[in-house]
Structure formats: structure tokens, C-alpha cells
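In the two complexes below, chain A is the common chain; its partner is chain B in one and chain C in the other.
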Partner chain A sequence: MYFYYFKLALLSLRKTPLLTLLMVAMIAIGIGATMTTYTISYMMSKDPIPNKSANLYQVQLDSLNYEFADNDILPNTIAYQDVQALLKSDIPKNHVALGAIQTEIGPIDNPSIERQTLEVRTATSDFFAMFEVPFLHGGGWSEQDGKDAAQVAVLSKETNGWLFNGENSVGRTFYFGKDTYRVIGVLDDWNPLPKYYELSYAAFKKPNGVFIPFNTQIKNEFLTLKLISNYCWKEPDDQSFAALLTSECMWIIFWVELSNAQDRDQYQAFIDNHAKEQQALGRFPRRIFNKLLPLKEYLTDEEIVSDDSKMAVWLAALFLLVCLLNCMSLMIAKFDAKAGEIGLRRAVGASQNDIIKQFAIELSVIGLAGGLLGLLFAKLGLMAAANTYHYLHSGLMQMNSQLLMSTVMLAVVSSLLFGLYPITKASRMQPSSQLKSL
Partner chain B sequence: MLKMKSLSKAFLTDAIKTQALHPFDLTIEQGEFVSVIGPSGSGKTTFLNIAGLLEEHSDGLYELDGKDVAQFTDKKKSAYRNEKIGFVFQSFNLIPELNLYDNVDMPLRYRKFNSEERHKRIMQALEQVGLAGRKDHYPTQLSGGQQQRIAIARAIAGTPSVILADEPTGNLDSKMAEGIMSLLKDINAAGTSIIMVTHDNEQAAQAKRIVQIKDGHLSEYTQQKAIA
Partner chain C sequence: MRDFLPIIKTFKKKKTAPILLAFQIAVTFMVLVNAIYMISDRNDIIARPVGVDIANTLSVITNLSDEQGDLVNQLEDDLIALKSIYGVVNAAPMTALPLEGWGSYLDVRFDPDEEYVASSGYFGSNEDVIDTLGLRLVAGESFLASDIQTTELNGIHKSAKILITKALAEKISPDDWRAILGKSIYFNKEPHEVIGVIERLQNAWSSWSMVEYTVISSVRETNHSQRYVIRVEPGQMESVIKTIPEVLLTHANKRIETIETLSEIKKRSYQADVANNQLLTSVCIGLTIITLFGILGQAKFTINRRIKQIGTRRALGASKSQVVGYFMLENAIISTIGVVIGILAAIILNNQFVELLSITPVPVNFLLFGAGAIVLLGQLAVAYPVSQAAKVSPAITTKG
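Right after this comes the complex of A and B.
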């Protein structure tokens, strides 16, 4: 029977091609706009590391001598002295100190490839395990490499692509500023969205291209101030790098992975204890107030998941509503024009339910067509967005299969929902009065 | 088979009440051929629609096969129309985008017959009206008389016990009308009851029973010489 209804639906849609086209286009435009904005918003707000996000915490220490912001809001970064102390703990499953520098890199033996200036992530050795970074070749550096400030690097797939032609470059060297560094690992595609381990301003920027040990940055005294959040509430003794390291300047992001509540409590006690020790030495003048900020709270507190994108979705949804209401009036007109057929079908034995089924299928076909066309519109919309916001992570502008499915579903369900009234109206009419109009 | 007792029908539109049918009694047995005559607007179509469960009566009792139709749900009424009643309308009422085969198929689809059974019945009905050879044609490719034959094929494909025909020859010239009349008589001869509204007194006279409606009042007289 459903096949019969399907056949009738196609016949009916072919009978009024312009009306059909209008309805499909109406749904497609509304769906396209909604799904374009929804995709961006969804991608911004989805959990970037779902199996671990509950165990990741950003360490925040109140080493200041005045209130930073609202009473319990602290900087996202901590001082180098504290990093050194925290790295000694073996409570966390993983912990990582993060810095960032900018440098020029290029090939040693291939002058045809131009050097490029890249943002380099500096990190302690747990980085790759902690954030589940996938490798194509080789691996990250060891703790010992870190301690030795080894001149080693991990390249992103993209960097390896232009620098080494995409070959397995493990063991090969390249220019890192004036020095030569050895590649020890090449990443597979890794585009966490948002880039949650970053400072909020960079959360939707492109992934890093090069990674080197944190200590290598320290030993070589690399510093790119525009890439870090250097909160120097107390001036360092002088302008030297050594002075920065012993200063109160807070510029290092510090993440820990704590497997359970017990570890978390223990680690909280550990950092509080550290603060007390430092207080005894004259630091931490104001209070002992240190935070382990869960990743999810960090994302919302920092408004990395912004309300603007949600607003856009609401606006688009309103637009969809207008499209659907328009479509609904077309549906009513369509079914009014079919009154004669409905009356006849009722006369030869179709029940109200049979009529409802027949037209529900017709509307599903329209909804499906609208959904598929809407998908195309959404893709175009996302391409346009990716063009306009080229500095943003391209992953934001991509629909996953779940979103593809929901787009089509949304189109079908909403056309049925808005067809409900026209359909029931048509099925409830007295067959005798409908018959007069055939 | 069909029993109406003090049945009446009033339409209420915008607080204006139209008494389309005043209370009347009528019983029709299986196999009868009944003509319904009367001036325009007298209530003939209304009577037929009530008889065919396309319209609800306002007062009185209407029993089909001994069952009170007022108790029927929409589903039951639909099933009844589907299995027991065949309609033939003045304007044929064929679906233009379906071919003749599919037009005749329509009531059978709601009957949940399998495709073999449907095919058998469709071909039988088309043969009976003499148009089996044109099953793949579309309604617009036929003359009016042929279209009405298809409508009759559609009405008989489900082997109903009664055919309700509302001026089936109203849109046809007298020669074609004759053909339709003889077709209906054949169908009646095979045992199917027929209730036919007509303007044509000569046609009406061919039935043994004639129901006359005037301003919603029913009266009945029986013919001496008649076909059934």
C-alpha cells in the first residue's frame, strides 16, 4: 500500500510541477539556512575530547597580590616557578605545561621550497598522550628529551606535507630559525574543535604546525609575546629571559589529567600545599585559592562556546518557520485543489486514515526533496562561511554524518508537522461536498 | 437490505436551515432496480449520498443489512462503501492522471486484495463494459459514454451489492445513454441492486419502482410493466 501511495505522490507532484518546486525550494532554503548556522554552532560547542573531558583540568593559581577579576576568577596561566614545582608531582596521570612561539622553518637541502613563519606549540612530554594526539610516523619526545632540551620536533601532517613532500620524515632535519631540528614524529590529521588546550582567542584557529619540547623553548630563551597571555602583575627584575623565569609573570598554560575524584582531591591538596610553602617564602601574598578548572567549565567560562552562534541558529530557525508557514499555505491550496479526488477516494472506500497516509507520504516526498536540496544549500552556505572566515578552523564548516542525517530528518519531520493541519482538514471534509468539485 | 425509517436531512449553513429531505420511510430489497426522479434541487443527490454513507442523516433510522449506520465509525463506513456500494456519478469522476486500469483499480486498492486478485477483477470489469482493450489509455482519450463505462467498471469491480448512480446519463447523448442503461440493466439482472437518479422519465419508467422527490418530500409508485 505504501508503494501505491508513493506512486500516487509522484504522479501528484508531477501534475503541479511549479507548486511542487515552490514547496521544495521553500523547505530547502529554510533548512539550508538553519543547518548552516546550526553546523557552525554545533561544531563550536561539541565536546572536543568526549572520553576524557571529565578528567582534564586547567590549573589556576592565585599568586597575585590583588583581586584579579571577580573574586573567584583567576588567570588561565601560571608562573614558571610554579610550573617547575607542579611538574614534580606524580599524582596526575598526565600533566603538561604549554607555551607558544613563532619561528621560521624551512628545508635544509631543498632551496625550491620557501621558508614559512609558523606558530609553534611548546609542550612538556605528556602532551601527546594526554590529548590523544594521533601519529602517522614516529612519536612524541621522551621526558629525557624534554629535560635535555633536545632539538627535536613533531610536525603536523600539513607541515610535513610541504616541508618533506608528505614523506616519512622521521630522522630528517630542517631549519628551525637558525638552528636545525630533527623530526621525531609526524601527526596524522588532528583537528580538535575547539582547540580546547589553547587560550580562548585561538580556540577556533587552525591547528598548530610544529611542536617542540617546552624545555627547548626555555633553554633557547624563545619568547613570542603576542602568542602568549603574559600576565605580569609584578614587574620582573630586568628585561632578561632569566628574570622572566624567576618573576611572578604568569604566561604558561598548565593542564592535568586526574583519573578520579580521589586523585583530584589529592592534587588539589598538593597545589594548595605548594602555595602555602611559597607563602612562607613570601609569595602568594593574598590567599590560598587555587583552582582545578574542569575542561568543560573552561570552555563555557571563556565563552569559547559563544552565545552569538546560538543566536544565529535561532534567527535561522525563525526563518525556517516562516518558510514552513509559507509552505503550509501552499499545502492547503494543493489539498483544496485535490478535494475532488479526495471525495472520490472516500466514496470508493478510502477511510480518513487512508487519505492521511496518502498525503503524509506525498508530503514526506516533498520534505525529503526539500531536505536533500537544503543539504546542498547548507553545503554552499558552509563553503561561503569557510571562505569568509578563512582564519577559522575548517572543521567548523563541515557536517558530519549525524548532521547530514538530521538535516534530512528535520526537513521531513517539519514538512509533516506543518502538513498536519492541511492533511487533517482535507481528510475530515464531507466526501459529498468534495465530490462536487471534481 | 436498505431500510430507512422517518429519515430526514437538514443542512445548517450560517444559521440558515435547509430541510433537504422531510421524514420518509423506504425499504429496498436486494436485487431491486429503483429510479429516483424529481425536479432540480428537490433532494435527489442528498438522498443518494445518505444512502451511500457519504453524508449523515439528521434524524430517523437508517439500517443497512440490519445494522444501524449511525453506529458506524468512519473506518466501518469506508469499508462498507468499499465492499458493498458502487458509485456512478453524472460527471464520471475519473482521475485524469491515472490510466483506465488504475482508475478501475482504485477501490480494490483499499480492499487489500493481492495483485492477482485485483488484476482478475479489473480485467473482468473492463471486459464487462467492453473496454478491456483500452486499459492503458487515459480518461481524456475516451468519449463521454466510454468514460462513464469506465466509471461503471470501477463501481462493479468490487462486486458490490448495490450501485448508486446519480444521473449517470446526464452528460451523454441519447444513443450513449441507451448503452449505459442496458449495461446497468445487465448488472441488475446479475443480482446487483441499482438505485438511479434520473431526469429522464422514459429512463425512469424502465424500473419497477420509482421514487419521486418533490421539495424534499418522498413519494413512491410502482410500475406495471418494467424491467425488474
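Right after this comes the complex of A and C.
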């Protein structure tokens, strides 16, 4: 039965090729535009680390002497003195202090490769476990290496490709500024989107190409102000790096992983306690107000998904609506032209339901074709978007299987939804009115 | 106009198609008006002057190296070298660059223990800053060489003489902005004496609502990553950029991080806005085409259905232009209904949209102008099928 309707549908579509093509094109254009913008917005707002996003918290401490912004908003960074104290706690499953520097890097034994200035992530040893960073060769540095400020580094796949031709470079050395550092790990492809552990301005940029222990940065007094958010509400004693470390300047991002609510409460008590101790020593002059900001809240607070991208989705959805309304007019025109056929089928015994089924199948075929063509348009749209939004990570412009499926679904469902009225209208037609003219 | 009543009567009989078309026009109208308004709004923002002759100004970021001894000497050597290049008007050190997206900001207070009265961007430079950036001093005076202090980092904490933009002066001294001259304002508990007001200079963040509030302090910094701004004579940009590495790279420890014109920095600063405008423009174009197709298809469909009726009217003495007029009027009525729904929806939905997406509401004259444009567009789209309809021969009534 359904197979017969399917055949009828194809027959009918072939009879009016221009109209069919127009309907398919309308749906495809609307779907293409909607899915292009939706993909970008979806990829921007998706949970970057679903299996543990509920357990990750950014630590924010109010060590200021006056109100920062609105009462509840605190800087994203904390002072070095506090980092040292927090790292002593064994309540979190993982905790990590993050900094960033910029330095010149180059190979030792390959003069044909010119040195480059690269951005380097500095982190404590839990970084790789906490953010589930995949390794191709070797691994991260040990806690001891981290504490000892060892001159070791983890390279991204890309950096390793550039420095060592993509070979397993674990154990080999390279120029890091004026020193030589030893490679202890090479990452596999790793592109968390959004790059949640960072300051918000870099959320859609690639992770840095080199990683070194945080203490190595401290020991060698590396500092690149451009790459950090340094909030110095009180001037350091002098211009030295040592003075920065003992100052109130807040410049280190600090994340903790807390497995459950109990740990969370315990850790909150721990940081509050730390603040009280410091207050007794004359720091934390304003109040004891410390936040464990859940990752998801951090992403919304920082407006990682821009209003612009949400607005683009809205506009594209309205665009789809216009396309579908247009398509609906075409459907009405089409069914109107088929009045004679409907009358005849009804007269020879087809029920209203049969007519509805037949046309629903016809529309599903159109919707499906529109959806598939729409996928192609969306693909082209995303390519154009990658070009227009060249400064964003290209990973945002890629559909996953979930999006692919929902694109086709959206096309079929919306064409049926907008076909509902034309179909029922056609099925209600009185056979007699049409048979007269036959 | 006497066609008006018959048209309305036809709508009553066959209402679905015109309703759909009117609705489609309403949505199109809403999207177009909002999108075009957003585009022009953004273009206005991008077109705001920086306050600097950006086409003839460039920035160099280079290192000052501890291995080479005193940083202040290196800074002065660099400046002498840069100023010696043929085609350079002047050069000055700067702690950050306009629209660079990175730098320091501060809260301005009249009394260190009181609430702040404004926030502002911060640049530290020397006595050459006015000439180098081509700023216009509208009150007071510029720095003297003897005013300039030197520090390695955090010049923002040093009490110093400052210049402020007129926008900031008007903000903190609303009654008489000139009255701010000679007064001290505080940031980080240190007093800073305002000695001059400059007409305009945007600070480091183009998307900040306070981008026009800028302070230039007479404190130069000797950063390890040092920024210089250089103004060149018109037409000399390329040759100056080529010469800079030759004069700066005098020893093995010297590196140049970037050489960029301020036009490039401005372009990067607004790249998201430009990209979004492109997206909006393509949505507008696509939507217009689709709607035109809709109007065209609708006209063709109704005309095909009424071939006989047209023939009859022609046979009864209607001229071609009367037939054309009938269908044009029909389309104009549908478009107008659509636009009216669109305006009502825009007014009702606008508040939600404004809140949801934090956009500025569309002004009324924009709505009216858009309405006119849409009706005109409909008339254009309908013109071709209608001119075909007018060709229907009266003889058709005699057949079948």
C-alpha cells in the first residue's frame, strides 16, 4: 500500500518537475541557512567536557580592598600567594594553576627550520589528567618534576610536526628561549571547544603548542603580560618578579575538580578558612567571599556564546519560516491543480484518509529531498562561514552526526507540518464538484 | 480604485493564498528591517574615528633585553633609530595601542576613598605622544620632557601629569569640561594632575562602552616587550616598514615581534562585526530573493486561474492598463496587509528581541521606510506576470 503511494508520489513529482524543483529548493535553502547558523551556535555552546563538567570549578577569591564589579562578580584570576596555599590541599581530585608566556622556540640540530615565537601554556602537573588531554607519545610531567621546575615540555601534535617532523620526539631537546628543554610528551589532536579553561577571549582559538610546568615559569621568572589577565589593585613593592609573586596582583587561573557535593563543601570551607587566616595577617581586607564557580556557569558568565550567534540563529529560523510559507503556497497551487485526480480517486472509493496518506508521502519525499539538498547547502554555508569567521576555530564550522540527522529530520517534519493544511484541504474536496468537469 | 471592492471580495472567497503571502511578507519585512538596521548600526560604530591618522601610523613591538644592559638606554636608542628613518614624522613609546584589545584600564575617582566616577583606558607615553599620534589638544598643554617619568612596569601606579580625552572630561566634569584642567584625579589612590584635554583618542577596546574615555599618562615604561608608535609622511608607509628591521636589529638579542599599521589593528578589532555584517547581508539578499519568488509565483498562479475572467473583462471593454492596474492593486493590498502585520509584530516582539539579544530597538522612521520599500518591491515582482496577463486575448471567452 505505502509502496504504491510512494510510486504515485514519484509519478506526480515527475509530472510537475518545475514545481517540485522549486519546493525542494525552497526547503533546501531554508534548511541550509538555518543549519549553518545553528551549527556554529551549537558548537559554541556545547558542553566541552560532558563527563566531568559538573565537577570542574574555577576558584575565585575576593582578596581585593574594594568592590570589583557588581557585588558578586570576582576576577577570574588569583594571586600567587593564594595559589601556593591552595595547591597544598588534598581535597580536590585534581587542581591546576595556569599561566601563559610567550617565547622563542627552535630545533637544536636542524638549522633549516627558523625559530618561532610561540605561546606557551604553563600549568601544574594535574593539567593533563584534569582536562583529559590525549597523548600520542609519552605523557605529562610528574608532580615532582613540576615542583622541581624541571625544564621539560609537552608539545602539541602540530608543534611536534614542525620541530621534529612528526617523529616520536620524547627524550629529545629543543631551544626554549636561551635554554634547552626536553620533550616528555606529544599530544594527539586536541581541540576542546570552547577552550573552557582559558580566558574568554581565547575560547575559540587552538590550544597552545607547548606546555611547561608552572613552577618552571616561576623559577625562570617568565612573564608575558599580554597573555594573562593581571589585576593589580595594589602596586607591588618594586618592579622585580619576586615582588610580583608576593604582591596582591591577581594573574593565575585556578581550576579544581571536586568529585561530589561533600568534597565541594569541604573545599569551600578550606578556601574560606585560608582567606580567614590571611585576613588575620592583614590580607583579604574587604570580606570573606570566595567562589567555586561551576564550569557551566563560567561559560555563561563570560558570554562565550555571543549574542550575535544567537541572533543569527533567530534570523535564519525566520528565513526558514519564509521559505516554508512559500513552499506552502506552492503546495496549495499543486493540490489545487490535482483536484480532478483527487475527485476521481475519491469517486472510485478512496477514503479521505487514503488521500491524506498519499499526499503526506509525497510531501515526505519532497521534504527528504529538500533536507538532503539542504545538507549540501549547509555544508557550503559552513565553508563560507569558515571563510567569513576566519578568526574563529574551524572546528566550529563542522557538523557532527547528531546535527546531520536533525537537519534531515527538521526538513521532513517542517514540510509535513506546513503541508498539514493543504493536505486536509485537498482531502475534504467534494468528489462531485470535480467530476462534472471531467 | 474602483477595483478595490471586487479585490476584497475575491480575497474572501479564496483566502488561503493571499493570507500566506501576506504572512510571508510580514516575516520578511520584520527580518529585513531588523537586519538592515543592525548592519547600519554596526557600520556607524566601525566608522567612528579613532582620533589618530590610522592610515599613516604604525606600531612596532620589539624586545628590550636585559643582556644588553640598561633598558632606558635601549628605549632611547630605538627611538633615535626609528626617528632617523626617512619618511618618519615622529615616534613615541606607548604601553598599549588604540583598539589593540589589550592594555590597562582604571577607575577614576576625585577622592581616593569615594566611589569612582568613570572608568577609562590607560596609555603611558612621553612628550612626543601628541605629535606622533596626531592628536588635537583642545585645552591645556602637552607634556614637557621634564614631566616624563620612567618605570619598568605598572606605570599606572605612578602619580603623574596626565592628558584626558574630551569625552572623559565631559563625563567627569559635566557642567564645564574645561574646569577639569589643573585638577587631580585619583586612580589606585595616587593623584594625577590633568594638564591637557585632547579632542579624541579611543582606548584599547572597541567593544567597550567607554572606548572614548582615555587617559594618557606621562610615564613611559621600559617593557621587555616594548611598543612604539610611529607616524609617517603620506605614501612612505611601505618604505618605512621595510627599513625598520634594518635600523632596529642591531644585535643578536634584538627581535621584532610585529610591525602593523593602525589600520590593520582597527580592522582586526572589528573583524567580528564585519563578519556578522556579511552574514546579515547574505541573509537579507537570500530572503529578498525568496520573497520575490513567492510574490512572482503567487501572481502567476492567480493569473493562470483567472485567464477566463481576464478574457471576459477584456471582452467587456476593460483596457490592458485596467487589467494591469487590477493585479497591481491586488498585490499592493496584500503587501500592505503584510507590512502592517509586520509593523505590529515588530512593535510587539521588539521588546522581547531587544531583551533577548541586547540589540537596540529599530526607530520608527526606519520601519516606515522599510514598509515603503517592501510594497515597492512587491510591485516590481508582480510587474512581469501582470504584463503577460494583460496580453490575454478577449477571444478566449468564446472558446470552451
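We adopt the following convention: the second predicted complex is superposed on the first by the 435 of 438 C-alpha atoms of A that agree within 3 Å, B and C clash if a C-alpha of one lies under 4 Å from a C-alpha of the other, contacts with A are read in each partner's own complex, and residues count from 1 in each chain.
Everything below uses one rule, namely that contacts are C-beta pairs under 8 Å (C-beta built on N, C-alpha and C of every residue); 3 or more make two chains touch, one makes a residue touch a chain.
Please read all numbers here as calculations on a predicted model, not as lab measurements.
Peer 1: What does the overlay on chain A give for chain B and chain C, a clash or a fit?
Peer 2: Here the two partners, once superposed via chain A, fit next to each other without clashing.
Peer 1: Could you say whether A:Gln144 touches chain B, chain C, both of them, or neither, answering first, second, both or neither?
Peer 2: A:Gln144 contacts neither chain B nor chain C.
Peer 1: Which partner does A:Lys310 reach: the first (chain B), the second (chain C), both, or neither?
Peer 2: Once the two structures are laid over each other on A, A:Lys310 reaches chain C alone.
Peer 1: Who does A:Leu318 touch here: chain B (first), chain C (second), both, or neither?
Peer 2: Only chain C is touched by A:Leu318; chain B is not.
Peer 1: So in the superposed three-chain picture, is A:Gln239 touching just chain B, just chain C, both, or none of them (first/second/both/neither)?
Peer 2: Touch status of A:Gln239: second partner only.
Peer 1: Where does A:Asn51 make contact in the superposed view: on chain B (first), on chain C (second), on both, or on neither?
Peer 2: After superposing on A, A:Asn51 lies clear of both chain B and chain C.
Peer 1: With the two structures placed on a shared chain A, what shortest C-alpha distance in Å links chain B and chain C?
Peer 2: Minimum over all C-alpha pairs: 10 Å.
Peer 1: In the complex of these two chains, what residues of chain A are touching chain B?
Peer 2: 1, 4, 11-12, 14-15, 340-341, 344-354, 430-432, 435, 438
Peer 1: Considering the complex alone, what residue numbers of chain C touch chain A?
Peer 2: For chain C paired with chain A, touching residues are 16-17, 20-21, 23-24, 27-28, 30-31, 34-35, 38, 101-102, 151-154, 157, 188, 223, 225, 255, 257, 268, 271-272, 275-276, 278-280, 282-283, 286-287, 290-291, 293-294, 297-298, 301, 305, 353, 356-359.
Peer 1: Using the touch definition up top, name the residues of chain B that touch chain A in the complex.
Peer 2: For chain B paired with chain A, touching residues are 45, 49, 52, 54-55, 74-75, 78-79, 81-83, 87, 89, 91, 93, 95, 97-98, 106-107, 109-112, 154, 158.
Peer 1: Considering only the defined contacts, which chain A positions touch chain C in the complex?
Peer 2: Answer in residue numbers: 22, 26, 29-30, 33, 37, 102, 104, 117, 201, 224-226, 232-236, 239, 306-308, 310-312, 314-316, 318-319, 321-323, 325-326, 328-330, 332-333, 336, 384-385, 388-389, 391, 421, 425.
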